[in-house]
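I'd like to ask you about the structure that follows.
A, B, C, D, E and F are the chain letters, set down in written order, and residue numbers restart from 1 in every chain.
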Amino acid sequence: MATASLIEYADASPEVRAVFDDIKRTRNIPDVNNFWKALANHPETLKRTWETLKEVMRPGALDPLTKELIYVAVSVTNNCDYCIHSHTAAARARGMTAAQHQELLAVIGMASQTNALSIALKVPVDPQFLC
Amino acid sequence: MATASLIEYADASPEVRAVFDDIKRTRNIPDVNNFWKALANHPETLKRTWETLKEVMRPGALDPLTKELIYVAVSVTNNCDYCIHSHTAAARARGMTAAQHQELLAVIGMASQTNALSIALKVPVDPQFLC
Amino acid sequence: MATASLIEYADASPEVRAVFDDIKRTRNIPDVNNFWKALANHPETLKRTWETLKEVMRPGALDPLTKELIYVAVSVTNNCDYCIHSHTAAARARGMTAAQHQELLAVIGMASQTNALSIALKVPVDPQFLC
Amino acid sequence: MATASLIEYADASPEVRAVFDDIKRTRNIPDVNNFWKALANHPETLKRTWETLKEVMRPGALDPLTKELIYVAVSVTNNCDYCIHSHTAAARARGMTAAQHQELLAVIGMASQTNALSIALKVPVDPQFLC
Amino acid sequence: MATASLIEYADASPEVRAVFDDIKRTRNIPDVNNFWKALANHPETLKRTWETLKEVMRPGALDPLTKELIYVAVSVTNNCDYCIHSHTAAARARGMTAAQHQELLAVIGMASQTNALSIALKVPVDPQFLC
Amino acid sequence: MATASLIEYADASPEVRAVFDDIKRTRNIPDVNNFWKALANHPETLKRTWETLKEVMRPGALDPLTKELIYVAVSVTNNCDYCIHSHTAAARARGMTAAQHQELLAVIGMASQTNALSIALKVPVDPQFLC
């Protein structure tokens, strides 16, 4: 159960509806997902978060699927239940295959292991890695 | 300062040298980096970690640069100093441009923010994300 | 489902009942919440945790609401489901308004983002911050 | 050592200088701190991060000192070296006393402990905490 | 709900069945637990993870119960719901008493608190701890 | 550099000296380590933390070395630089061999990997693990 109410479109202020409309139009979906309904309690945060997300995730030097894979990697490492589900779905919507999903997980698992070993051993950084 | 000694090639057992040789050959470098020298205190862990890493990071459904970007994302989220330096360097060696690095960071930052917001709000997962 | 049983007042030892009684009296509530019932498996930990919590959270240089906001911030960052729910409720009981909740979340989200960026960039600490 | 170069004002583009100027003016300081110099490699991220930070940290339903205390709490929990130093300094600049700093730390320490205990025990959330 | 399907023995490839058979034989159980069924989407990761786990957790310089206690400590700190449940059960199966479970939790809680305090205070490492 | 001054014995209040004396006597060491000097800014936290640590770490259902191994596991997972160094040293002082240290690290690394995989796959908990 959420720690704030979910604001539905029918109950939203014009300011919130404008953001919801832009999300629906940009993503071509009939309704926004719960994350945005929860953020709608704070219209300023809703607007800023959506606009930043749109800017950060648009195609650039990295393509949208690569960005979603990175998003999933961070969400798994932060153990964000909602984000793992929503961004795994988003990655699939952008074309992530089952094989890519499994390799993504293998890299996340491997990195988690060597991260822990490096931290435990307090390995000094090699000079060639300090550019 | 490391919590275990760094084993140099000259002081290594044949078992350790065999792994060091394979790392040097595979990566075409004159010496292994400190992570492997620290792991060499436990030849079994050294061998297994290297063989797994080689298998996980080889080209597959995801290309090596994408895998390194994911590795950096996990390492940043786990706050592993050594791993951030070594895998940022590895990503550059695989062709990561400055623009790609900056977009990688922007996605990591954005994901960290929405992860925190989703967690704080305990947003219930939408049914369409549960495949 | 808990990894240890929840001890109800009726089944508790005199030592545990004494702590439960103090919690109920201090907070003016009819029953203790599940956290204390789970801790009651270890009466020593139960007593010490309650006494420390009482001491740490009492009004001092910081007022109780500010302390609860800090508690929520840590709980969100540690992703503790139970603690987010219980301390968000506690903050509300101490007067946290909806507007304050939203600003609390905005700060947590912003800090999470700049934390990730600083960690990724390994920004050296400016001398003026080292007092 | 940073994983990206620090951009000094003298070497910055007009777009970056405009943000640097706003930071210096807003905070009444002669130079921006290293975080902004590192972000300046990505002018878009620099601008967005600064504008969001300014908006999030301005006085609102919560006062600026309370916001800095929350920022420190998140930064400690995320173990961000740079952020702990810079935001502890910022909290002091906003009037945090030594006594308040110590209570802030006591709450962070206590929350970290009860977070771990709640997570280990998988305590079910009490119905009264689910609003 | 899992982000990948759970592969049952009846539907598994010969390669997956061979690993499932080894898990069942080694642990003397009628069916593998869900973790392995989820990993079975990626036979290579399934095989490698099982073989490494078997090697790492076998009796050595540390006994199997001590290894399970360490596994629980890491899983609690990483807040892995599944792992807390499965490894608390595994520790019990290896003889962990209720008193040992409570002391394990007390140490985890205490370490979490002093970790947070040390991080917040940025305590410099004493020379005698640097071997 | 610490975010609070380190209080030396010569400059300490009688209340702080009493705790320092107890630490030195209990551990049979000539001076307390920096963690306690930093905590001494808050005599109440110093006293409570020391007394709790003494109680939690004393021999009980788990022996002191096992408790130190668990402490290291939590500290590595929380990435606490100071705590990794001080508790690795404490474990060595309690008899941890090089082989035990390496197995400790192997378990921490393995747990970190399966934690990440379980979290990413959102594996549902098997009924037999819910006691």
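Quick note on the criterion: a contact is a pair of C-beta atoms (placed from the backbone, for glycine too) under 8 Å apart; a residue touches a chain by one contact, two chains touch by 3 or more.
Here the structure is a predicted model, which is why all the values come from computation and not from measurement.
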Shared chain contacts [chain A and chain E, defined touch]: B, C, D, F
Greatest separation from chain D - chain, by CA centre: E
Between chain B and chain A, distance of the C-alpha-averaged centres to the nearest whole Å: 21
Intercentroid distance (Cα basis), chain D paired with chain B, Å: 27
Separation of mean Cα positions, chain C and chain B [Å, integer]: 34
Residues within chain E bordering two or more other chains: 1, 3-4, 44-45, 49, 52, 74, 76-81, 84-85, 88, 102-103, 105-106, 108-117, 119-122, 130-131
Overall pattern in which the protein chains touch one another (line/ring/star/complete/other): complete
Residues of chain E that touch chain D when the two form their complex: 72, 76-77, 79, 81, 84-85, 105, 108-117, 119-122
Residues of chain D defined as touching chain C within the complex: 1-4, 6, 33-35, 38-39, 45, 49, 52-53, 56-57, 60-62, 66-67, 69-71, 73-78, 80-83, 85-89, 92, 97, 99-100, 102-104, 106-126, 128-131
In the complex, chain B residues that touch chain D: 79, 84-85, 88, 98, 101-103, 105-106, 109, 116
Contact footprint of chain B on chain D as seen in their complex: 3-4, 41-42, 44-45, 49, 74, 78-80
Touch list for chain C against partner chain F, complex: 1, 3, 44, 48, 52, 55, 130-131
